[in-house]
Structures are given as C-alpha cells and as structure tokens.
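Here chain A shows up in two complexes: once beside chain B, once beside chain C.
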Partner chain A sequence: MATTNGSNDLSSEMEVDAFRRLFPLRFHERHLLESIRPDGRPLGRARDTTISLGAVASANGSALAKIGCTTMLAAVKLEVMTPKAESPDEGCIAIDFHMPPICSPLVRPGRPAEAAPVITKQLTDTILSSGMIDLKELSLVSGKAAWMAYLDIYCLDADGALFDAALLSAVAAFSHLQIPVVSLNDDGRIVLISEENSGAMWEKEPVNKEKRKLKLESVPFSLTCLLHKNYILADPSDEEESIMETFLTVVLDSSFQLVSLNKPGGPGLAHTSAIQDCVGINKTESERTSEDIG
Partner chain B sequence: MEYVSPEGLRLDGRRPTEMRQLRAEVGVVAKADGSASFEMGNTKVIAAVYGPREVQNKGQQMNDQALVRCEYSMANFSTGDRMRKPKGDRRSTEISLVIRQTMEACILTHLMPRSQIDIFVQVLQADGGTRSACINAATLALADAGIPMRDLVTSCSAGYLNSTPLLDLNYVEDSAGGPDVTVGILPKLDKVTLLQMDAKLPIDIFENVMQLAIEGCKAVANYIREILLENTKQLEFRRGV
Partner chain C sequence: MAGKISNTPATYTPSPTSQDKKRPSIFTGSDWVRPDGRGLHQCRPAFLRTSAVNSASGSAYAEFGNAKVIVSVFGPRESKKAMMYSDIGRLNCNVSYTSFATPIRGQASDSKDLSSMLHKALEGAIILESFPKTTVDVFALVLESGGSDLPVVISCASLALADAGIMLYDMVASVSMSCLGKNLVIDPVSEEESYQDGGLMITCMPSRNEVTQMTVTGEWSTPKIHEAMQLCLDACSKLGKIMRSCLKETVSATQE
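Up next is the complex of A and B:
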C-alpha cells in the first residue's frame, strides 16, 4: 500500500489506513488526481491475469482463472440427454455461477449473494449469443441423444470484476473440454467407452471416433470499467467497486466486434464518448492479455 | 472384490498403513481473515475463516463467548456424477455440525465474547476422507487468521477390509461397505475430540483401527506444523525481521 507522504513511521501509516477507511471516496479521488490508483496501476490498466487449465481432474473440462486476487474455478461436465423436439440436432449448455461463503465476508451462508444469479444470467446470455459454441457439435444421434454440458463456475475469492473473471474461466474451461468417446449399445442407450473396453465387440460403431475438443469461434473477452466523474477506471477491485457504483461492462470478440454492452444504471451518467473509450480500453487490454496468455 | 492384493498393496498401490500424499497451502483466499487449502490424495478442499467479527444475528449473540458457525458445501463437479444439491442436504448439514463442534472444542471462545467466527469449507474434489480434509484445512485457516486455540485439531480416517486395517480410505475403499472410522485429535494434549464409525467391527479390531487412525492424525499434525512454521518464516521475511 503506497503512503501518500514519504515517511515510514508507524503513526503516519496508521493515519493513511484510517483515512482510507473513514473517507474512502476522498482517498481514491486523491489518487485519481495523479492518474494512479491505490495499488499503483494507471487508470486504464487491468490486473495481471493467469489461467490454468485442467484444475479439476474429475470434470470433462476445467480451468482456474485469476484476475488480480479474484479467483474463479470453472468445470464442465457432460451428460447425455434427449434433445428437444424443435432442435433435434443440437445439444444444450446450462451455466451456473456460485458464490460460496468463502469468497467474501459479505456472503452469508443460507442466503445466496445478490450478484450470483445476475452474473449467471449475464454469462448465459453472453456465451450463447456470442456464437462461441455451435450447439450442433454437441449432438450425438440426431433426435435421440445429445450432450448436455453443465458449466459450474465457483468464485473462490471475490475482489472485483467478477463477470470478467467468470467469462474468462468459462471460455478456458470450454477450450480444455474433451468430449469422451461413446457408443450406442443394444438397448439403444449411449455408453461411455473407456480404454479398457476398447477391445470389446460392439453392435454399432462408436458414435464419435476419438476424444475431440470443441471448436470455439469468436472467443468473447470482457472488461468492466468504473465511471466516476470524468475518470474511467478499468478492471476495478472490490474496494473501488463498493465506493464508485457505476460500471460498464463491454464484451468484444476476437475480431473486435461488440458482443455485449451492459450498463445497469448507477448514479453516474456516461457520455457516448465514455462508452467509446471503454471499448478502446477493452481492445488494448485484450491484446495485452492474449500476449500474456499466448 | 479384492481391496488388498496378496502382496499387500491396495488398489492405488499404497501399503495398508500408508497415507495419501498431503499438500497444504495457507492464505489462498485474499479476502478472508484466514484461509487454507488442504489436499489428501485427490480430495481437495478450501477452508476460509472470517472473524472474529460482529454477530450478524443479534439474537444468537453470547455475552461470555464467541459464536462459532460452520458451513460445509461440495462443488457440483466434486464427485463423479454431477451433484444436484450441493448444500442443504442431510449429509452436508451433518458434516457442518460435526466440523463446528470439533473446532469449537479447541477455540478459546471465552477470549472473544459477543463476536462470531465463521468457518466455511468448500470441497472442490471429493475422493474419500472429505470430513478429515475439511477439519485439517479448518485448523490451518484458523491458525492463519490468528484465532487463539488450545491445540491443533487433526483428523484422519481408517477402515478394515480383507482382514487388514487400512489407513486413509479413498472413495472406492470407502464405498466398499466396510467400517469407516474417522478420528479427530488434539495432538499435543493427546485427546480425542471426534470419533465416528459406521458398519460393524469387533471391539479388539476396533482398537487397532482406531490406533492406526490416531497415528495418521499425528502424521498430519507434523505436516501441519511444518507448513505453519514455513508460513511464519515467510511472514518474518516479508516484514524484514
């Protein structure tokens, strides 16, 4: 934590901490005047992002994503189901976002966090409408069997920018997903072929020959920005989000087309120029992050 | 089905008195006052402690000691088949109660009256022994939060299959239908705080199995002490002491 004055003795450090707690808005505005934030980042910079694939061994696809301290664990499990009558060639994706009580002191057990169903809905809308996944790839036997992909995302540490981290972990989990090999057995039911049974005789050929990965088109990338007076702060931490409540989430895909825009009210009003600035920041940050992740 | 081969090896290649590999890390949740992750083989759990803090439900406030609350929940993807209802089902409620009572016995609650200590445990991968892993993770998280305790609480399970006492059962061995003894001890004080068993076992064999579980608890306690020592050295280093 940077002290605003240079001296290091305990009494001045206590003052800074107390000032931060008692007058949080003024503390942050003092930093914004110098175009910097309390953790030392410039206004338009996102926090360091890391992704690790395959975090959950028992799931078909999984990933752990961290933006700064915000940690999300996403896992995809596939189950066989009968497709709907109006779309016999398509599988289905069910997305669920959980905020267990470990992630934040504000989440009480027994009462789910307010943000959880909101982010679930946003994620579902964004992922399905972005066209990242072609549901026809999840089909097995037309009209009879298709994959239902259950995506569960758990927030393990909530330090701001929850939607960004959740979307990142969801995309990473889908990129890690391997569809297992199955075949149709005599009763007309789909069974998993595991490596031991591959020598056994089957009535029909395996429905899919080998474990395959999903093809992901147009991967969406999201960035949340806080709007406060004339300042735009990219990738807010939890402390910043609780003080300045107006935020704008911009989701772009890999060809920098706009997938989704969300500004859910808030005391601040935004000029259209601010929105264009946010889109610009998203572009720069997504280029920077994809360089880091490779 | 054979759980112990004639050469004396179990299904995952361990010897009957061998524990699974332990891995622990302190301070994994930045927002929590204390947190830890604990792995016993493929079972991975994260524990977070918030407190001591103000009591949220004033009706439950106690004037002479702290209120300890615990919630145990499993992630949907933690078991082989996806779980429909990860918390609020009977098993989770029972384990929450067991963990709360176990930890309450060792926290010095009279030092923090009118306050609340919350222990939340989240199971990310379940492969048998989740109860024990949760208690071990909770101990580390409480130590990380600096909450005063009488002693560490460590826990381990043991069973009896194919006429052999087995230490630290995994999911396959646990579902075999044999007895499963879970023990929680305070290692320095050498006292038992948690003891649960299901299925049937003759008394003399039970003593052997329980003794084996207690040995396992002591091994976990040594490992936890190492982790805490390492953590303290890191803190000293960062402070420039």
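Up next is the complex of A and C:
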C-alpha cells in the first residue's frame, strides 16, 4: 500500500505528462476510477469513425477508413484465374494485411511486424466465414474463368484497434468495388471492354453484363474491447493496448448474429458477463458507427 | 513473397481489347495535348498536408495528380546496435510501394534504388551534426503511382522532416522532366515517362539555390539540357513556396 500512496502523493506534485510516462498503469487507473479515459471518452465509447471511398484510382475498389487516428487503406484488384476443379463456379478472395514501416515507430523495414500475419489470418477467417460475399458472384465462365479478388489492406497509422479498422476498410472497399465489363476472346483469355464503346456494337458478347457490383449480405462489424479488472474499455488506443493486455474482439453481422469471438490470451480472464457486455457494446457502437458513416 | 504465389492459382489482369502498344505519333508532333490536358511546362496541381500519421515524429502526405505518397519520419532515435560510433547523425531511408500502386498488381519499380536516391537527395540538406550518435528514419510509402514518383517522394520527405523538427539547411524540392521528341514536358505522368527519349530530375534547395541531386538519363542535346534545367529550377522554387505555405498553415492552425 505504501507504494500506491507514494505515487499518489507524487501525482499531486508531478507534471501530468511525466506521471503518465512513469506510471502509465496508475495514470490510467486513476482515470478509470472516474469512469473516463485520458482522451475524454466514456469507457464504452468507440472513437469517431470516417470512411472515404475510392481513395486509389489504380484499384477496382478502394476505401480509407479511420477510427480515431488509426488509418487503414484497403484496395481490391481483380484478376482472372481458372477456377478450381472442385468449385468451377466460384471465384476466390486473397486477403493480405500489411504494416509498412510508416505506420508505427516499432515497425522497421525488412522486419515485418508480428501482428500483420495474425491480423491477415483473422481477416480471412472473418470475411470468408461471415458469408458477406457469395463467391459464386465472382464467377465469369463456369469452369474456365473467375475473378480472383486481391484485397490488400495497408495500415497507414497504427493507434490501436487495428483489426476493427482493417475489417471496416475491407468491407468498405468491397462495397465500392466496380467490376469491369469483360468478354472471352478466341484464345480463351478474358479481355476488357473499354467503357467508351459500351453503347456501340460489342465485338464479343460480354460475359458479365449484369454482375457489376457485389451484393454484400450481412456486413460484419468488429469491436475490440480491453478487459482490465472490472472495467471494459471499448476501442482501445495504442497507448491503452500497450498498458493493459487482455483483449476481446467481437464480430457481429448486420442482424447481430455472432460471427467471431476472439480472446487471444492475456493475463485477464473473461467472465461470461464480460463477454455479454462486450457483445452489447458492439451492438450500440455498430449502430452509432453506421449513423456516422450514413 | 515468392513462396506465397505457389499455393494460389496463376492469375492475370485482363488487358484491353484494342492492344495498340505502339508509341502514338502524337507524342512527337508539336501540337499535341498531354494525357491530362496540361500545358507542356505546367506542373500537376499539388496537394500537401503535414502531420498525416499521428504515431510518427513527423509526417507528410503529398498528392500530385494521381501520384499519392505518404512519408513518416521517426527519430532522432537510437542507432542500430551494430552501427559504429558516429559524431554526426545518420539518415536512413526506405521507399516502398503498395501492391495496388501500379495498374498491374505488384509491378512496382525497384524500391531499393529509390531508397538510395532518396537518401542521397536529402543527405545534403539535413544538418546531421545536430543529432550525433542517433538515426533519423525516413520511410515512404507510395499509395498510388502516377508518374514522377521519386520527385514527389523527395519533396514529401523534406516536408515530413520539417514537420518532425529535424534541422535542415533548407527545404528540398524536386521536379522531373521528360524529353519527348522535340518537346520538353515537365512533371510527366506514367504514360509520358514510358515513351520518353530522355529524363531529367533536379532536386534543389530553392532559397539557397543549391542542387542536391541531379540525374540525367537517355538522349539529350546540350541546349535541351540547359532549357530543361532552367525550367526544373523555376518549378522547384515554386514548389518550395507551396511547401513553405503548407508548413505555415499547419503552425498557424495549431496555434489557434
């Protein structure tokens, strides 16, 4: 107890910034006692979210998503592949999450961030299992050609809740995806039909006159919560993530069905009530975010 | 990355039906319009913004037409353990491309080459004596390639260094030029770069009127080089002014 008192005494004498650096945990716990966080948010409140579509012209679909300072740029590029024999009517989605050295002082060139492959795996699992995209919609010519959608997500600024922001930008990029009109030429290859003579005579009948946009069903929404003692902090910042280490990520779809629940270890144990609370916060925050984005 | 491709099926980007890969004759004529409708000696409109990345010591975002670049500066911070003692600071540069930066996925130009060019362009402008024993890291990510990527990266990096409060002799502005037949075009887009006979890039410190880097490639006549250099230097000093006003805006915005 003596040490606690000692630092409490110190806190009244020391400058706030110095105290924050020297005793980060106590600094945060003092805030939590008052049910507020250092950036002025209540505990269960996510940061403001913005999305802008079409950030990259060289991709078929792209989106920039920001949650607070965390910034993600996602882009989808479509290429043609020969579908697998066991699923001739299905396209494919390849997802890759990158943390370039610009995003955080901890990432150095040539040494990829450990978090990146973990988030790639999590994103792939979530997007493919949520049933958001019907892979049959990516089919062009049955058994011959289908779209391979390369989704690349770049973290431009890492300030906590990376998975939430990455999933948000990925969903937004797919919603912005515009599928080009293509036809099958005599060599069996898929070629683009330029937009200009779309009204005129087609040289070749396009194979995908109808399917120009993907139908997105049951859009997943993810919210990461930090569990610390009895407190639940929604949408943690980088500083909070580095101090308190038990996370719980809940992904719900648009009808609030559970898509995935992930608690990657950590010193704290999650009680059932805490999990239920996290699901509850996800519901309210997903509604608030969809209002934000409009 | 190479290992990864093997377990995904081979894919290709659909090419346009009209496969006219020949150099259009308009590029050599004198009355020809540039792909984006600019005048021959007119630069693309520049959009610059500092403090784009919160977690970096300093950062900048630059958008010149379709070329979009983000640069973060970290440090001065501890040099790598393996480094020898040094009286003056070190500069470490890295340029990378996103996989969707180019029209065909993953066909970005060699970024090792660009990293060393960026290093050489900035080295002369930084007062390395002001941070002995430590390293300043300059990391650039090209979000979308749109032609003249290196000059955009260099100018953006200089802005990011200033934003990080690293001591500089002057801002560094960079502009490139392409020679297409009889014509000189400033700030070329990718299409023009691919057809060029010769290219020239100048990086300079506008208010000191000093050139930190100049590269000339391809076929040039001496009078053409002189003309191109003058045009580039003029454009650099204009770009330098835009960069200065961008920095001033940020400062006045934070003071309010």
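Following the convention adopted for this analysis, the second predicted complex is superposed on the first by the 269 of 294 C-alpha atoms of A that agree within 3 Å, B and C clash if a C-alpha of one lies under 4 Å from a C-alpha of the other, contacts with A are read in each partner's own complex, and residues count from 1 in each chain.
We adopt the following convention: a contact is a pair of C-beta atoms (placed from the backbone, for glycine too) under 8 Å apart; a residue touches a chain by one contact, two chains touch by 3 or more.
Computed from a prediction, not measured in an experiment: that's the story for all the values here.
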{"item": "Three-chain arrangement built on chain A, chain B and chain C clash or fit", "value": "clash"}
{"item": "First (chain B), second (chain C), both or neither touched by A:150", "value": "both"}
{"item": "Which of chain B and chain C A:92 touches, first, second, both or neither", "value": "second"}
{"item": "Contacts of A:137 with chain B and chain C, given as first, second, both or neither", "value": "neither"}
{"item": "First (chain B), second (chain C), both or neither touched by A:245", "value": "neither"}
{"item": "Which partner reaches more residues of chain A (counting touched residues only), chain B or chain C", "value": "C"}
{"item": "Common interface positions of chain A, toward chain B and toward chain C", "value": "56-59, 62, 69, 71, 73, 75, 77, 79, 96, 98, 100-105, 108-109, 150, 152, 154, 156-159, 238"}
{"item": "For the chain A and chain C complex, residues of the former touching the latter", "value": "55-59, 62, 69, 71, 73, 75, 77, 79-82, 84, 92, 94, 96, 98, 100-105, 108-109, 148, 150, 152, 154, 156-159, 180, 182-183, 185, 189-194, 203-204, 238"}
{"item": "Parts of chain B lying in touch with chain A, wherever the complex brings them together", "value": "28-32, 35, 42, 46-48, 50, 53, 56, 69, 71, 73, 75-80, 82, 118, 120-122, 124-125"}
{"item": "Residue numbers on chain C that touch chain A, as the complex places them", "value": "8-18, 52-56, 59, 66, 68, 70-72, 74, 77, 94, 96, 98-103, 105, 137, 139-141, 143-145"}
{"item": "For the chain A and chain B complex, residues of the former touching the latter", "value": "56-59, 62, 69, 71, 73, 75, 77, 79, 96, 98, 100-105, 108-110, 150, 152, 154, 156-159, 238"}
